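Listed after this line are the structures, all set down as structure tokens.
Presented sequentially are two complexes of chain A, the first with chain B as partner and the second with chain C.
Up next, the complex of A and B:
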């Protein structure tokens, strides 16, 4: 749906038309129009591209870095392990939205910064998951076998241990996408990251919030529903991935 | 026992130290001169030079960090130029609003999550169970800011059951401050009318927050209770002919209490730092609003203060719960 946005939608996502302001849902504008006369259905479709891309972009680097760090930490143990555990605890102590606000205030409010920040915040989860998978496997038979065959520690880690972390990590990845999506839309609701008039769901909800007390509910309602559906979709996907990798 | 507590305290201190380190690093190792961030964009040359000297920014970075720590422990968290008050004073003034909201939201979500979770674990596959999983899923999927807005639309605009979303009881009407929690203060002052007014403003933000917070608690209660219901202690209780409510509440719940307690700690920590969105929606004059206006004005000292405060509070709450668990549950003393 998101990929086909330009085909599916007859309107320009940033096209302003003062004569069509705040029209309620109808056949011409399925989900109504907003305060600038922009078609909401169109903007939701285009917003899907932006939101889903942002969610993937911020969850993917965390998946890679986090699983590797976690696996290494569980495999090697000792100092590195202790250090990483404490570091993740520190990172988790920070309230996400506030922390993001602070960092973006300091670093400058740019999308790239936002993505990097979310990626960093997402890392600990994967560290934890990969570590918990690798830890009991550290002295498993196939690891011992590889070792006695003269394989290098890093080789064992990459070839024999990392694949084991993939199925829980992938299930988590989907959950993380959902989570990132919520944070991104929340921050843009606060005015961070994405700028008007770009179509982004959180921002669209924010724009609609002025019209709620005058009765135009559809401006906020539909973009919010889009977030709900996307997040729910990611959750279902995660559950599916978990079951699928278990049986497969 | 004491040794265990001390060790946890040591870990908590270590984490707290890490928190300050991270806050320091984000503040100082950024491109650009940190005094601009501290003083804001309107400061003149003299103020900047003065600030640079006062904060020792011409010294090596390690010395700077030590100075920063010294300032923090002395209670000097910098000055917010948007309000021209010391940051810590600003926080102290706004914290009760956030605390009141967080406590209420936590209480409400526990009132929902505990009974529902237990009931659903007791009857897997029954209607209660399906209902529970729907509630938990919805709580996790619905964005707070949107839910808040929709509640405003329905209950303020349509039904007019609640006052407009304009924050707390105005300070001019509030009774003399004792705790800063308006529900407590109004009762202490014997003003039942104000108590009702204050609670009416609290209803929607509380429900909004609670709806999000109940989700992880509910899922956890359900999962751990299911597990403990299959544990030997519970099976033995069944075999001995204990009645089922006795098993549920006396044995199983006690066994499941550990993980639930730490989840409550996490949720509370989350609430104290995670109310920004809901505070924005309801114009609630708490820490989140403060951080937001600081952010919009580029007032770095203020926003850093709020972040640091929430993170340290989280560490404290978490440590306190950990300790409590050590005392209550001998199994955790390893």
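Up next, the complex of A and C:
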């Protein structure tokens, strides 16, 4: 639906029209309009593009980098392992939202900064998962056999160990997407990350929250429901991937 | 499907009334006034204060040397532009030389501790302004008042002192209403100075004035409590205690007011005021003000260093629509650098009208036929500006000016603006001194302290410098000429003058509106019984 947003909706997601301000849900505007006269359904559809893209764009680099680092850490051990573990623990010790607010305030709340920040925050979880998978496997028979066959460390890591990390890492990936989506929405709600009047669910909830007091519940309710549905969807996807990779 | 606004407010108010805040019951206690404010005090030292809440507490706990006269207009009492009356001073007069001012102190103005304000106290006040390092009061006295230093002030009697300005300067009288012109109790300062004769640290978080109230308690981030000064020279205030509760979210302030947990709520947006205007039991005041919302354009930064681009922006704005849809009619169209309502503003210039075609033509002439990409900065702490920014962005887009909105926190916005780093920004200008010369001097001369757009015109500098010391029709002619030139150069696009809005329970009476928008609690009272029957009994 996000991909088909321009086809599905006749409205401009950033089209200001004062004559259409705060219209309740109707056949003309299925989910009503907001304080700028923008069609909420249209903005939710276009917002899905931004939110899902942000979620994927921040979780995907973390998946690749974190899984590789975690597997290398578990396989090689020694000082590299110690160093990586301490680094991830330090990163995880920061309260995420406060850390994100501080970084975005310092570097500027641009979209690219937000993606990079979320990617960095997401890395430790993959490091931990991959390491926990690889650690018991490094002295497994198939690894010893590979060593006997003359394969070097990187080859063993890439061909024999990393594939074993895929199942839990992919299951974590969709959970991570949901989590990133919540963080993006939360930061937008606080006024960081996405600029007005871009369609973004968290920002829409924030802008609509002013109207709850005066009875225009639809302005924040529907974007809020979009976040709930997306997060639930990611969690179902995670369960599916976990089962699929196990049986596969 | 839609819940009516008044019903929604009533329902939320009922829910809020069950909470702990309401059990304290602002509405039922006639000796305490509970006020909802969006922010906290930053300092209570009048020579440094610039934040609204700091100034509001200072104006209630100190007695200024001069104040504005007020009279009833319609249903409210408001200040009379340009007409000053004595506060701690009984009288102020200018000698024939045009330079020497005689300040006669009002006998009987007492501090809560019993000490009296005398000529020596006022001289001490000026001395503190000049002596404390980094004092904003020194800037005001020297640069605006044209008082060279403490050597220009001479005590000539118990209740009389003379102040000499460097040149003829009508602005001197007008700056005596400001927070730095509020006498303090020298005995208290001597007691709390801790090695410094001026007790800067103590004064930042305490009060030592002769105003109608004194500070009882300040819990940072939570509330400020003021208690009545029973020895106030005008007589004790009707309300014994004022509690200013810090409630940052406007929606929360609205609910608490509707539930009766707050008596008065400050700083609501026009949209919020519009919503509250339908609720029962409330009184909404929406008073024309002289603050001006403008689109600042950095005159030293391309492309806004080209007057054609600045004019294109000015013609791109749909002024009437903004007034109607962002401010719900609770504003006036701004027409220039000197706000409507300023005394001596006799000049009328045809304002820039909405004309996207003309805007595009000017842009093409300036070499931007394909349009322009700009960044529009705004202060995230201003209640109406987010809505305004979105409407302005849409209007600029119709003139082929593509704007990206950049929301900055209040602190970052203030710093970037002061350093003239913002190319295009929404801003609200408010002039503490009610005089066209003050506005032009600070906002539009090359060295102006508040000239955030970097506007520079040698002609305007020269004319304003001449106007400062001129009097009568000559002064007005010079100021009008300076304003005409500034409007032609359009360093900022002046959009609207939004009303000052205040919401209160309908049993609160006696409000007097002053030009600085600070509520003087001394004039307020709480009515018992039917509010409608007893209204008008305020002081």
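By our rule, the second predicted complex is superposed on the first by the 248 of 248 C-alpha atoms of A that agree within 3 Å, B and C clash if a C-alpha of one lies under 4 Å from a C-alpha of the other, contacts with A are read in each partner's own complex, and residues count from 1 in each chain.
Simple rule for what comes next: a contact is a pair of C-beta atoms (placed from the backbone, for glycine too) under 8 Å apart; a residue touches a chain by one contact, two chains touch by 3 or more.
Here the structure is a predicted model, which is why all the values come from computation and not from measurement.
By the document's definition of touching, neither partner reaches A:124: not chain B, not chain C.
By the touch criterion stated above, A:232 is placed in contact with chain B alone, chain C being left untouched. Contacts of A:195 after superposition: chain C is touched, whereas chain B is not reached.
Once the two complexes are overlaid on the shared chain, A:168 sits clear of chain B and of chain C alike. Applying the stated contact rule after C-alpha superposition, one finds that A:98 touches chain B and leaves chain C untouched.
In the superposed pair of complexes, A:70 makes contact with neither chain B nor chain C. In the superposed model, A:47 lies in contact with neither chain B nor chain C. Once the two complexes are laid over each other on the shared chain, residue contacts for A:209 go to chain B and to chain C alike.
Judged by the touch definition given at the top, the superposed model places A:220 against chain B, while chain C stays out of reach. Set against each other, chain B and chain C touch different numbers of residues in chain A, with B touching more. On chain A, the surface touched by chain B in one complex and the surface touched by chain C in the other have residues 105, 191, 209, 212-213, 215, 217 in common. On chain A, the positions that touch chain B within their shared complex are 86-87, 89-91, 93-99, 101-107, 178, 182, 185-186, 189-192, 202, 205-206, 208-209, 212-213, 215, 217, 220-221, 224, 227-228, 231-232, 235. Within the complex formed with chain A, the chain B residues making contact are 11, 14-15, 18-19, 21-22, 26-27, 30-31, 37, 137, 140-147, 149-150, 152-153, 156-157, 164, 269-270, 272-274, 276-277, 280-281, 288, 291-292, 294-296, 298, 300, 303-304, 306-307, 310-312, 314-315, 318. Note for the complex: chain C touches chain A at residues 1-5, 7-9, 12, 250-251, 254-255, 271-272, 275, 321, 324-325, 380, 386-387, 389-391, 393-394, 404-407, 409, 412. Interface of chain A with chain C (complex): residues 14-16, 18, 21, 24-25, 35-36, 105, 191, 195-197, 207, 209-210, 212-217.
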